[in-house]
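Shared between the two complexes below is subunit A, which pairs with subunit B and subunit C, respectively.
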Partner chain A sequence: MTLQIQISPRDGASRIGQAERNDSLVARNSRVEPGTNIVVRIRRQEHDTGHYDTFSVPYRKWMRVLDALEWIAENKAPDLAYRWICGSKMCGTCAVRMNGREVLACWEAVEPEMTIEPLRNLPVIRDLVVDRRPFEDRVAGLEPWIERPSAYAGFPEPLSHKQMKDASKALDCIGCMCCYSACPVIGLGSLTDFAGPAPLVQLGQTALDPRNSPAKIARSLALTGIFNCVSCYKCEEVCPAAIPIVSRVIEPLKAKAALLLPERARHARAMRRIVAERGRVDPGALILSVQGLRALLRLPRIIRLLLRGKISPLRTIFRIKTAATEPARRLLGREASQ
Partner chain B sequence: MRTVTADVAIVGGGAAGCYAALSLQKCGFKPLIICKGLVGKSGASLFAGNLVISGRLLGNSETQARNTAEFLIKYHNQFLIDQEWARRCGAWIEQVYYPELEELGLYFRRDDAGNIVTSPGAIRSIAANIQGNSGVPFMDLRRKQVIRAGIPRLEETVATALVRNSAGNIGGVFCLNYMTGEYVVVRARAVVLATGYSDRLHQRSTGTREMSADGLAMAWRAGATLVNMEMQWWHTNDIADPPCWQRMQVYPNPMLGSEKSARMINSAGEEFFNQQNDDPLAFGPYTVQLKALVKQVRAGKARYDGSYYAGFDHCDAKEVETYTTYGKAFRQLGLRFPEQLVETAVTSHYRQGGIDVDPATMRSSIPGLYAAGGVSGHSNGLIGLATYDGKVVADAIAAEFGSLVDRPISDTECETEMRRVEALRNRPDGGISPLKVKQKLRKLMWDKVGVEKNATGLNSALDDLEEIRLDALPSMAIASKSAVANYEWLDALDVVNMVEVCELIIYSSLERKESRGPFIRTDFPAIDNKNWLVANVLKKSGNGMRFEQRPYQLPYFSPGFDLRDNLQVAW
Partner chain C sequence: MRFAYYPGCSARSTCAELNVATHRVARRLGLDLLQLDSATCTGARELRAIDPAGFYTLNIRILALAEREQLPLMTICNTCTLNLLDAHAAFVSDEALAQGVNDKLAPENLKYSGHTRISHFLWVLYENIGEERLRELVTTPLTGLTVAAFYGCHITRPPLRYGFIDSRNNVAIERLAEILGCRPIDYSGRTECCGFHTAAHDETVAIKLTGQHIMSAKTGGAHAMVTPCPLCHTVLDGFQREIERDLGRSLDVPVLHLPQLVGLALGLTPEELNLDRHIVAAAKVAHTGRKHGAMNAVE
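The block that comes next holds the complex of A and B.
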């Protein structure tokens, strides 16, 4: 069977990963013929020991991953532990990894051969059931609710969708933690204090809401470690609710953080200033701006960067500009004034 | 066994339970929520597609305000409702509910100019963020309110029995945290059951995984009176495949910002329901649709489990998708949207009946026990109504708190319950699995207690049920003895409740000797307002049950006829 990859002209860098996501939906729903069987390998785990069990499952029309799990529990492994509540993409409790990528079991079509594993970055309780607490606690800690700077004007209050467009995207979040499992920075564990994409989306629901007070937003944002996000778009790739997590939630939140908590955004602000001034990233200037003279304490690294041509002292010292300076200033300036 | 104390124990984390807890907390009481799923993420409230506007809100005319009340009384409840309660509820929704939700930050969908987008018609509705998904941000807000208020929650914890105190009142709840295997006894001066409208008792059901009629079964075992258990509502166009999408609806309701809505096509390719033609007032698409489908099934042009289709092929994709989620399911199945239709089927939805309560207080027939939201049998559902119940029950408990005695609960009852629950987990291996028994029961309900019922089928259902009770239940086996995340164990607990409640539903269905709206008896095809415009009250007596009738007052709306063929009546 040939796969039809549908890529629309709108697919730019910001929609990275979505081509695979749609690889295509027609193809994903027709990979298996009704009447044939699919092979499902499931990670089983209780206490610390884990193993995989393999099941052969009869395919039925439009079968979802959750249907396969249900069939297995009913017919082969009654003791299989997996969490689900609504079965129709609302509760966000049935996320698992299928062949290495995070999916919502009730939403994703089965594949002819699939390995099902629990989400990463969360403790496993049993089989596919993970402990949601680390995520829930992090969300609650961010206090994702609004505090109005002035009294509520009465129903309906003045508000337009334009003002709510980013928050509205975040409101599609069902808290399934797919992105939390896919995030490589969360994967680093306690090396960073990054809250992770899912808690940021949860926060974005109120922090990107114009009715919320800037002081409240600043207090919450200070707890997120948001500048640890490397904008790799892994979260966006796996989001079953198709939320543009980086472009419509994390980036706008970073912009707010840069404004409200400038001391936490030194790196981002310096980068922006340098690009606006010179039309390119100058790593030497960036290091100096962020680390100052402390950079000299890391001499061996500086020498390595020099030898590999990553930094160029002449360029940095003489602030050499490129032809892109004008457009860069125009673009960044325009964004800044928005 | 751990004991926890609260002023009020609330079983259920949906719209009614959360609102009751929040209101009680605000009055200075200490509520506690026991939730079988996750607060705000389980149960029926999540499925609120849109929110109905009541009264004169958002420019509703006098006629539209009256229509909304008529819609609730006639099309939602077929007159089996306290009309004074409906009036109070409508006023509260208009004056308190919407402003309160918006002040908390719920986003009622606007257009770019700042107007709240409404659906057109005789009854209008709005959406929280997006139509089709309003329950998600709505309940997420409630979850965060509960967290913010510091209300204790026992989540993924199933309430298995109500426990009496030494005064003989309901004074606690016995629970099992099925994630850890820990038993928890919650002692409280009052218990509120808020376990929802919809249970997974049929092969196709909108009830979510955890909904297995626990609230009804516990209340009945404790001796509470039930009412109108036969009054079952149906969704007419939920997606037929895949199985786990059985509660995914191709909404027949008017769409936000459009004059159109979904249409339905039979197996011969003929349109048999299009809201704009068949129900132009958009009063009660659900009942009207169901009756239209019954006619198709009788003509051999559809089946209740499929072979008819729904979709938006008469609309523009943009028209549908600007304010609704409706296109997403089609696209996810690889269908071309909106050109292609999807096969649909009937799904059992909300139950109008439930625990018999005084709608002024939500008090049940047993001291100390209250019921709010869907599980209470006084009205059929909308998320606003369930929320109002939460307010009413909180007000009532706050007012009479002083008279609710705080007495020790019965240790014997707790010990007995613990032994019962423990014994289910320790069932020997090798018999029939609880999930299999559940499926068997659901098939029986689907085949014999489905959309069209008659005495022969219902009696035969009782025989089958007896077989399940005598053969399947005792030979139920559990493969894993783990106390941690043991869903098999949970299924075993569920199925005991389900068998009990199915029996009550069947007896109640036999008792109501008429048809009424979505309750269709082929052996009694007419609506009989002379004899049956009454509450079908089910009381426990000794080991058995007896029925009583209680008439409804009709101060504002009445049917205007004594006897008429149900299928010829719009509601």
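The block that comes next holds the complex of A and C.
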């Protein structure tokens, strides 16, 4: 039987909906006919009260969200507040939400009907303009600079692509705040101390640089609440610079945190230890290991799970082996690390 | 059609009913599953972050086990699926990594060449069974049952893996639900995050996030939610009582694993699908569908 090498499930059932919902750049740019009008609803806000204004805008070929905002400001609402500088995907100032998705106004094709709102998770100054101060304060607090562990040896200072592979991704950031607006954990406000994707990417520019000192990196990472990232990839989905934020910035930073601040990585380390010992996750062992006696506060749930046969105390207490135990011990256990 | 089958850890512990249901539904569908019993955990989100080398080794070993059998690999968990896809992508694009992992697998006489096709149960339904055959197999259409599809994250994001500009455009589960006779609803939580991956150290995020999603499904008129991921199920169903307490209101929304929904339409009983193993009573879902179906027939 010959099987084809699969690079990514870019075809077939994993993409159902993409064609019918115009989920491609070509489809997005050919949805509206020149000469027709598009409907643009804009969130207007000053102080705490807000409302939506609706405008009919004549469509021009290749029209971007920013072009529609410009037409509205010039023809219908001269008091519309929105922000942009470069108009070419570099300055990161024009990000808004279009139909519930974070986009750069200067880079996104208009849709036949669209609702434009300011970014979430930041205070609104007016209409589509948000206050970037909470983000900037958070980044400044993380001290995103390099402190060398030893004296500068002088120029040239060669760095390989491999050494900079993750930092270089973070350096693509244009600071547009799309990811910060899309992050569901940031959306929960002060419930956690999570810094959010945008500040972590800013930190990654120096914390993932091999010239930075571990003590400095540890000091910064201690302020990020990084293990509260839920790995939902909402940030990656909206990043106009296509930075793999989760896999190339947050995860490498988590690896550093696990090494430099092991107490913060209790959950990740317990998970690795249990998989290395047992081959599979035993949820009982994981929760006990991470939460300790705090786990008993969840007694009603523990009873419910026991009654439905969803957890097995015997498996946890006697560390019952499975067919996966030996391979895991060999590949992840002490033998593997020697 | 034969598959190497990787149930993952959750379907062997907190969601054991998913494994039972998958085996029974697979028989009805004519799928022959070879369960990979010596397969380890894929490392969830933790291993890939703090021990990438170990992560690649465990995942590529699973792919090698399937390749040794010359079978495509079927998964039933979003996070496992993405882990395996990511490990496969790294393997075929990084020769040094590939060689290093194969050296570690050699003592077991295992070697991966990059030929395993990874397919979630949801995709198998479309790609290997096909919509037409599936329609023929439906013996008990779930007419009258309104369902809210809860995709979770790792079956529709990241874009670099799945290719969606906007992951909300994935409609695979809704289309399937229609084939099974249900009425799918549109609601805000469809492709949102359940918060499972931080729940072992802090449940509040999962409780708050998922509370919003269940509320939105209930408000949208869903009799039940359906998910292709046991990790999402753990929060949606297993945490629902805590979520109700947090919201200060009753929800009582049954949450089905995807194979259970398919199984009901294929004529399996709630008992055969282990619907009685859920925290929120789910067996009633079968009766909801049939009751409404019967009413529609009378009308």
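One rule holds in what follows: the second predicted complex is superposed on the first by the 290 of 338 C-alpha atoms of A that agree within 3 Å, B and C clash if a C-alpha of one lies under 4 Å from a C-alpha of the other, contacts with A are read in each partner's own complex, and residues count from 1 in each chain.
The rule is simple: contacts are C-beta pairs under 8 Å (C-beta built on N, C-alpha and C of every residue); 3 or more make two chains touch, one makes a residue touch a chain.
Quantities reported herein were computed from a predicted structural model and do not represent experimental measurements.
*Asks:* Can A:Asn29 be said to touch subunit B (first), subunit C (second), both, or neither?
*Replies:* Touch partner of A:Asn29: subunit B, not subunit C.
*Asks:* When the two structures are overlaid on chain A, which partner does A:Gly175 contact: first (subunit B), second (subunit C), both, or neither?
*Replies:* In the superposition, A:Gly175 touches subunit B alone.
*Asks:* Tell me which partner A:Val290 touches in the superposition: subunit B (first), subunit C (second), both or neither.
*Replies:* A:Val290: touches subunit C, not subunit B.
*Asks:* Touch check for A:Ala328: first (subunit B), second (subunit C), both, or neither?
*Replies:* Touch partner of A:Ala328: subunit C, not subunit B.
*Asks:* Considering only touches as defined above, state whether A:Leu159 meets subunit B (first), subunit C (second), both or neither.
*Replies:* It touches subunit B, and subunit C stays clear.
*Asks:* Please indicate which partner A:Ala73 is in contact with in the superposed arrangement: first for subunit B, second for subunit C, both, or neither.
*Replies:* Touch partner of A:Ala73: subunit B, not subunit C.
*Asks:* Looking at A:Gln45 after the superposition, I want to know if it touches subunit B, subunit C, both of them or none. Which is it: first, second, both, neither?
*Replies:* neither
*Asks:* Classify the contacts of A:Arg126 with the two partner chains as first (subunit B alone), second (subunit C alone), both, or neither.
*Replies:* Only subunit B is touched by A:Arg126; subunit C is not.
*Asks:* Between subunit B (first) and subunit C (second), which does A:Thr316 come into contact with in this model arrangement: first, second, both, or neither?
*Replies:* neither
*Asks:* Per the definitions at the top, what is the overlap between the subunit A residues touching subunit B and those touching subunit C?
*Replies:* In the superposed arrangement, which is not itself an observed complex, subunit A uses residues 24-25, 28 for both subunit B and subunit C.
*Asks:* What part of subunit C is in contact with subunit A in the complex they form?
*Replies:* Those residues of subunit C that touch subunit A are 9-10, 12-16, 37-41, 43-52, 54, 57-58, 61, 70, 72, 85-86, 88-89, 92, 104, 107-108, 114-120, 122-127, 153-155, 157-172, 175, 192-193, 195-198, 200-202, 204-205, 208-209, 238-239, 241-242, 277-279.
*Asks:* Provide the residue numbers of subunit A that touch subunit B in the complex, in ascending order.
*Replies:* 24-30, 46, 60-64, 66-67, 70, 73-74, 77-93, 106-107, 125-127, 129, 132, 140, 143-146, 148, 152, 154-162, 164, 167-168, 171-172, 174-175, 205-206, 209, 211-212
*Asks:* Along subunit A, where are the residues that touch subunit C in the complex?
*Replies:* 1, 3-10, 12-18, 20-21, 23-25, 28, 100-101, 184-185, 188, 191-192, 227-234, 236-237, 242, 244, 246-247, 250-251, 254-255, 258, 265-272, 275-276, 279-283, 286-287, 290-291, 300-301, 304-305, 308-312, 315, 322-324, 327-328, 330-332, 336
*Asks:* Taking the touch rule as given, give the residues of subunit B at its contact with subunit A in the complex, in rising order.
*Replies:* For this pair, the touching residues of subunit B are 37-38, 41-42, 46-47, 57-58, 98-99, 102-105, 107-114, 116, 129-130, 133, 135-137, 140, 144-145, 147-148, 179, 208-210, 241-248, 328, 331-334, 433-436, 439, 478-480, 482, 484-488.
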